[in-house]
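In the two assemblies presented below, subunit A is common to both, partnered first by subunit B and then by subunit C.
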Partner chain A sequence: MIAFIVRRLVAAVLLLVIVSMVTFAIFFLVPRLVGSTPDDLASRYVGRDASPTSVQAAKKRLHLDDPVPLQYGRFVKGIVAGDEFDYGPQTVKCSAPCFGYSFRTSQNVLDLIKDRFPVTASLVFGASILWLTGGVAVGVLSALKRRSFFDRAAMSIALAGVSLPIYFTGLVSLSLFAYTWKIWPDGVQYANLLDNPVKWAYNLVLPWVTLAFLYAAMYARLTRSGMLETLNEDYIRTARAKGLPERTVITKHALRATLTPILTIFGLDIGLLLGGAVLTESTFSLPGMGKMVVDAITGNDLPVVLGVVMFTALFVVLANLIVDLLYGVVDPRVRHN
Partner chain B sequence: MGDEKERTETLDGTPAAAEAAHRPPTAFLEVRDLRIHFPTDDGLVKSVDGLSFQLERGRTLGIVGESGSGKSVTSLGILGLHNRRNANVSGEIWLDGQEIVGSTPDQVRRLRGRNMAMIFQDPLSSMHPFYTVGNQIIEAYRIHNDVSKQVARKHAIDMLGRVGIPQPDKRVDDYPHHFSGGMRQRAMIAMALSCDPELLIADEPTTALDVTVQAQILDLLRDLQEEFNSAIIMITHDLGVVAELADDILVMYGGRSVEYATVDDLFHRPLHPYTWGLLGSMPRLDRERSERLLPIKGTPPSLINLPSGCAFNPRCAYAELNDGRSETERPELKELEPGHSVACHLPLARRKEIWDNEIRPKL
Partner chain C sequence: MTAPIEVSGSEVEAQPDAVLAGVDRKAIQGRSLGQIAWLRLKRDKVALGGGVVVLLLILAAVFAPVLVKLLGYPPDEFHRELIDPVFSRPTGAYGGIGWDHLFGVEPINGRDLFSRILYGARISLLVAFLATLLSVSIGVVLGMAAGYFGGWVDTVIARAMDVFLAFPLLLFAIALVGAIPSQASIFGLFELKDNSLRIALLIFIIGFFNWPYIGRIIRGQTLSLREREFVDAARSMGARSPHILFKELLPNLIGPILVYSTLLIPTNILFEAALSFLGVGVAPPTPSWGGMLSDAVTKQLYPIAPHFMIVPGLAIFITVMAFNLLGDGLRDALDPRAR
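And now, the complex of A and B:
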């Protein structure tokens, strides 16, 4: 068990290294290959109308003249051991893990992420509870009452749910609930959980429901087809042959087998979303990681993009690890001795 | 729908007319004119089409036939395990005085496990991968016995020991995938026997096992039958398996029985050309598989469009000897000698002659 975790952690670190290399290459190597010079990068950093001297100063401070592998090495060193930036009169120390400073606002990227992460986490946490319970319940009922009115209605709605983009469902719900019926008269304003839990939850209801609707639709479809498949398994027939009441057959035998693979998907979905629920955050103007990364991309703010990508990868890797460990608990066939 | 209502009434034993039509059963298990049809997109699959047989306690019936002849569908029908939504089941199945086809799902459920149990064809896929073998036996036992988990666990260990699993107190906590094929089959048997069922259906309990294990499993079933005096239905496509174990044998072809006889009659005086083929293709230790003397030519029939007349006629070497009746008229199962029924148009004397002169010498 311990050996398994260690092995997985090593693999996770390797994966993060690869992700960082690829991301770094995309943002620092590819522009060079297609002809941008270090000066172009530096002028993006200082802004459009900067003087040539400040561009040169930025280039020097950020070591943009160095070969890309060296820059990558410095990026990694920053994460592991911290970095120092030379601003002429004073040097700024950026302690580990250092992801550098935003090109746009000069803020520490890690601080930015720390600032934004609670918003995304709040959104994902609430929505995931909604979609998991809702999606699974609807999926199971649909499978058990196959071809019934309920099944047909639920699956039609689910089909709509997976096909409608969040910026559509989000805007429709905003216009109905916030602007027409004035249940949220001021729109959605994120409030800190610790400052005001009621306001926090109240303001997140629409984003939660909007995000959960999409995922619940996917989970309902997954659960339904998984359940139908499980109900055809030989071991379900065996359970019935023993004389078990149908309710026990469903809850103890069928549900257990159906939910196990859904657990994997659930873990990965959460990991991915924690890196930013881009569409939901943009639609509701929630200041989360997703909103931040969209703004960073449009503003060419490479350090922020790089930082968010690294964190997203970290969440996905961690979620994967947790799911694998849990899987060993729920599915004895993959138990790690 | 109306059908359903009628059946329930017969079960409750009300209408006099139905009572007369349904003679009270004399045997422990009596199957009368059982039909199990599946409506599919390709047409109506008649997996079982007019099957009748009887079985007493302490006796064993072998059901033999090629793949797809309806053996498993029949056994699932007896246990009432067909989904009423996709299977049309008609006829009667009497188990110890209770009719199964017309009973409500819950009435049949109560019979399962204690009154009748089944050893399924593929023990790996038939056991739940997420629960230990012990838990699955404990569960089966506790449905019908109001005992604590500890008592049920002791019983499970007992059962595992009885079916010959070494170190049952350790293996009880293993999962099905930890067991070898033979051990899994034993565990499946232990589970089926955990409530001492009066009727045990064993669906190919020894396929995919090597010969030694096969013999052990068959011995085991025989011992257990002596102990509990249960009735056993032994399903196989291999006559060799039932030769020693069964008292009677029912040969199925295309969802119907073509020959129904005692073991002695079936092996020494078989009267149906298909049975001759089965006997001729019995694997024997002293003969290579390729050297079978009387292979059955052709492939099993489609259950949606059975050949007209005798379903076996496209593959039968004697179909021409009956003035075309084999192609046009379906032969009924007739009791030609006491306890020996056959469905074939061939004149009896001619059949005996063929068996004595052409078939037996080659076996």
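And now, the complex of A and C:
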């Protein structure tokens, strides 16, 4: 088991290194490949009021004239050990993990992320419970009652669910529930959980249901096909031949094998969404990390974008790691491979 | 494998053996896998319906300029006379939907939605098709290489797929669009700027990051095909790897390639629409479905003019659904084991 954990940890760290390389490449290497000079790059890091002196200062501050590998080294060092920014008269110390400062608000990007994270986490937390229970339950029932009316209806709705863009369902539900029927007369506003838990939950119902509907549709489809495949396995026939009650065959034998791959996907989805449920947050104007990153793109606030991308990558890697370790517990074959 | 295929209700089955023996040979000829699949697909009315819608959409996109000339107004022409100056919404009922403007007019400026939807379909389908082509090319080449050669080649490619699948794809796409300047020279070969650069970028991003989904499937299929007798037979007759890969394996992979390409297109349409919705797709005034929905949110137009949200939303939904139905039907037809 120890060897298994160590192996997974090493893999997680490697994944993080690769993701950091890709992130770095997106921001510093790719623009160069398509013909941007260090000056062009620097001009994108000074915000709106770009004067030639501030561009030169930004170029120097970000060391954009250095060879690319050296720049990458500095980028990693900033995240791991903190960095110092030379702003002419004074130097600003930015302690690890340092993602730099926003151009627009001059705030530390890490602080901004810490501010926004609870919103995204609340959204994902509530929705994930809904879609996991709902999606899996519908999928299992559909598989057990294959070709029944329930199965056909559920799978048609699920297919429609995966074909509907989430911002469209979000807008439709907003215009129906908030504007026409006035159930949420002020639209959706985020309320802090600790200040007012009831208001928090009440205001998040629409985003939760909207986000959960899409994922529940995907999970129902996945669970159904996984369950049908499992029910065809020899060991299910064996279990039935032994005379086990059908309930035991389904819950103890079939369900367990079906749920393990679902668990992997669930972990990945949670990791990805925690980095910002970009579309849902934009639709409902929830001030989460996804909304922040979209606003940062339109405002050309690259340090914020970079920070959120790295932060998300960290979450994905962590979620992967947790799922891998859980897998080792649930499925003994994984450990010994 | 020209096994008897149940063509229930067909004439051949209904005839007694004696008659069958007398029928000219054509009637009992073996059917190719393609014919079998086509027969199955023909019986799947839902999938066929999806296919017809897909075909109509493609035709509509290709002939958009003609259709707009016949049935609509130029996509960038303002019709402010149709807009209520106080609420900036169309004066006509249901957003001004009528024979003159089939899908109504846009709030504020009164541009014809029918032509904007049609021109939006061009961008949407172009990006989705080319991005799918890119993903499928990379996925098939790498998937076949991984499955066929095994060993370290497989290890490297399989790991790369895992890494790609773990990427926060949407965020990377947003970041990449944001980080690339509005004018760029691709490897110093050709200059692109503004919308043509954006479209090229969208195709590249969507196509490049999606290849592992199809790569995984092709790898798995290649792994199992590699062990089949016909590959052994080819090898024992002295065939080399290129021959086995292209002449023996590839024809057997056409089925899954076709199915998963069809299923990747709707994903890519949704992806392009999402990027446009977030403001990093094609830039206005070029019409795009996601861009219209984005206007509906950011300018708070959907409460006053619901049709402005419903029309592009339904366009995306119908397109994606049609491709999904066709793809599901193709999968059932080509691989009866999958349900």
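Just so we're on the same page, the second predicted complex is superposed on the first by the 326 of 337 C-alpha atoms of A that agree within 3 Å, B and C clash if a C-alpha of one lies under 4 Å from a C-alpha of the other, contacts with A are read in each partner's own complex, and residues count from 1 in each chain.
One rule holds for everything that comes next: contacts are C-beta pairs under 8 Å (C-beta built on N, C-alpha and C of every residue); 3 or more make two chains touch, one makes a residue touch a chain.
Here the structure is a predicted model, which means the values were calculated and not measured.
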Task = Using the touch definition from the top, say if A:G73 reaches subunit B (first), subunit C (second), both or neither.
result = neither
Key: subunit B versus subunit C as contact partner of A:I26, first or second or both or neither   = second
Inquiry  = For A:Y235, using the defined touch cut-off, is the partner it touches subunit B, subunit C, both, or neither? Pick first, second, both or neither.
reply    = first
Task = Figure out whether A:G82 sits in contact with subunit B (first) or subunit C (second), or with both, or with neither.
result = neither
Message = Which partner chains sit in contact with A:I18 here, subunit B, subunit C, both or neither? Use first/second/both/neither.
response = second
Request  = Could you look at A:T260 and tell me whether it touches subunit B, subunit C, both or neither (first, second, both, neither)?
outcome  = first
Query = Who does A:P165 touch here: subunit B (first), subunit C (second), both, or neither?
reply = second
Key: Touching partner for A:V278 - first (subunit B), second (subunit C), both, neither   = second
Inquiry  = Tell me which partner touches more residues of subunit A in the superposed arrangement, subunit B or subunit C.
reply    = C
Key: subunit A residues contacted in one complex by subunit B, in the other by subunit C   = none
Remark   = Listed in rising order, the residues of subunit C that touch subunit A in the complex are 163, 165-168, 170-172, 174-181, 183-188, 266, 270, 273-274, 277-280, 290, 293, 296-297, 302-303, 306, 309-310, 313, 316-317, 320-321, 324-325, 328, 338-339
Residues of subunit B defined as touching subunit A within the complex = 76, 79, 81, 105, 109-114, 117-118, 120, 122, 125-130, 132, 139-140, 143-144, 175, 177, 191
Ask   = Which residues, counting only subunit A, touch subunit C once they are in their complex?
value = 15, 18-19, 22-23, 26-27, 30-31, 33-36, 40, 44, 159-160, 162-165, 167-168, 171-172, 174-175, 179, 225, 228, 268, 271-272, 275-276, 278-279, 282-283, 285, 293-294, 296-298, 300, 302, 305-306, 308-309, 312-313, 316-317, 320
Ask   = For the complex, which residues does subunit A have touching subunit B?
value = 233-235, 237-246, 253, 256-257, 260, 330-333
